[in-house]
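First comes the structure, then the notes that go with it.
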């Protein structure tokens, strides 16, 4: 082959490598927390923290029932009628989340928490605090907030909590290496 | 280095870039809808439409309880005894789907729908219609249809609805950038 | 361009292609089984086997309620008080798993199994056995074992069952092309 031919081939390779670099999923984990179950929310934070320890960037998107985990029982917000109804029906904060199984009228979550404490496992409140320290980003679905009448003022203090729409979430997960819903 | 040496290196690079291009996940989202819950099915369509708006290709795979969302209450199909039993027990169409939480004997879904309407959010029927317009592909699991005695004739009209086995689904999600179950 | 210039460009391309090869997700599927529901666990194994048939490597991670599917009702283990309580409350083996929907006090799972048998579909026990034959790797979350007092001695015989922490799971799914929770 001639040098000119090589010039062409190299130019073509460069363009293709650039395209590949553009398409390559980033070293990021995107989690969607939707269930509002204690066990699933704990799992989300344990995995998020595990991934952060492996230097992955982690984004957690909270929507629907998942929002309950972010409510701060010590805070209040002005709400309309429907918002008040939801406010009463939805668990008021991470400490009040139900289990996805063996709820047993509140006995299940108490039992799980007792066992976790006995084994020196961190509580959900501590896991959330750790997540903030490790730079795990929390994104709150504004559509779900609107629907359930949940206000920013009643949410926990968390570093750089973002309030986003579906478009932003699509943007986040489409670049992530992994994304899943819990 | 000599030109011949460069020729060899370029040939090697070409082969490796081709292999990378082959392996690179495509700009596609694959969703599995299995729960048959109103909230999770709505979430699937909102995310699907969000991804489609970002020019991602979207495939949704419906299986198990998820099939209920695709039933058309105005259509009927001939069924055997077991099929009839399932037909009665399973929700007959998207409008009848239960919530994953706060079902409250049917009050929950009514409340959610009322609130969604109040906020100008689209109903699940409208979301499904939009999905068809945006070229989102719906694949129905034939094994689940067989097990639950659900027939093609009783499903909604949807452009290019596909009836597929697990193999096709594996093929679809293995190429997708993201895949998740709701 | 000169040959020296090409030398430099080729060297740069080589480095970038190597980086891409390093980052490229492997042809692997990672599943997390957390629910302990019969339908979701069956779905996990059907998809795992489908992916294995397409030559994907498959890792399944069992945690929380998911562990019940791996208990062998014929085996026993020494347990403390709490472990015994959990042992009684949790389903003792795959045959005892509940459905995520239409449990109907045990009628639902019986009906599903009857229908699956009628259609010649494999039972969950057979699916697990097949998974072992096809080299699908099962990883058991040691943290969940600790919390629920579940011991290795009471789990089914499965080729090369691994007992792992969250770190290993993060390592597994971060390399996988797809990962999802059921």
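Of note:
Note that the chains take the letters A, B and C in the order they are written out, and that residue 1 is the start of every chain.
We adopt the following convention: a residue touches a chain if its C-beta (ideal position, glycine included) is under 8 Å from a C-beta of that chain, and two chains touch if they have at least 3 such contacts.
Since the model is a prediction, treat every value here as computed from it, not as a measurement.
In summary, the pair subunit A and subunit B forms a contact in which the copies contribute largely different residue numbers, shared numbers making up under half of all those used. Copies subunit A and subunit C of the same sequence differ in orientation by 120 degrees, per CA superposition (steps of 5). The mean-CA centres of subunit A and subunit B are about 22 angstrom from one another, to the nearest whole unit. With touch defined as above, residues shared between interfaces to two or more other chains in subunit B number as follows: 3, 6, 10, 13, 17, 20, 24-25, 180-181.
On the subunit B side of its complex with subunit C, the touching residues are 1-3, 6, 9-10, 13, 16-17, 20, 23-25, 32, 34-36, 63-65, 82, 89, 143, 146-148, 166-167, 169-171, 173-174, 176, 179-181.
Those residues of subunit B lying in contact with subunit A across their complex are 3, 6-7, 10, 13-14, 17, 20-21, 24-25, 27, 29, 39-40, 43, 46-47, 50-51, 53-54, 56, 100-102, 112, 115-116, 118-119, 121, 177-178, 180-182.
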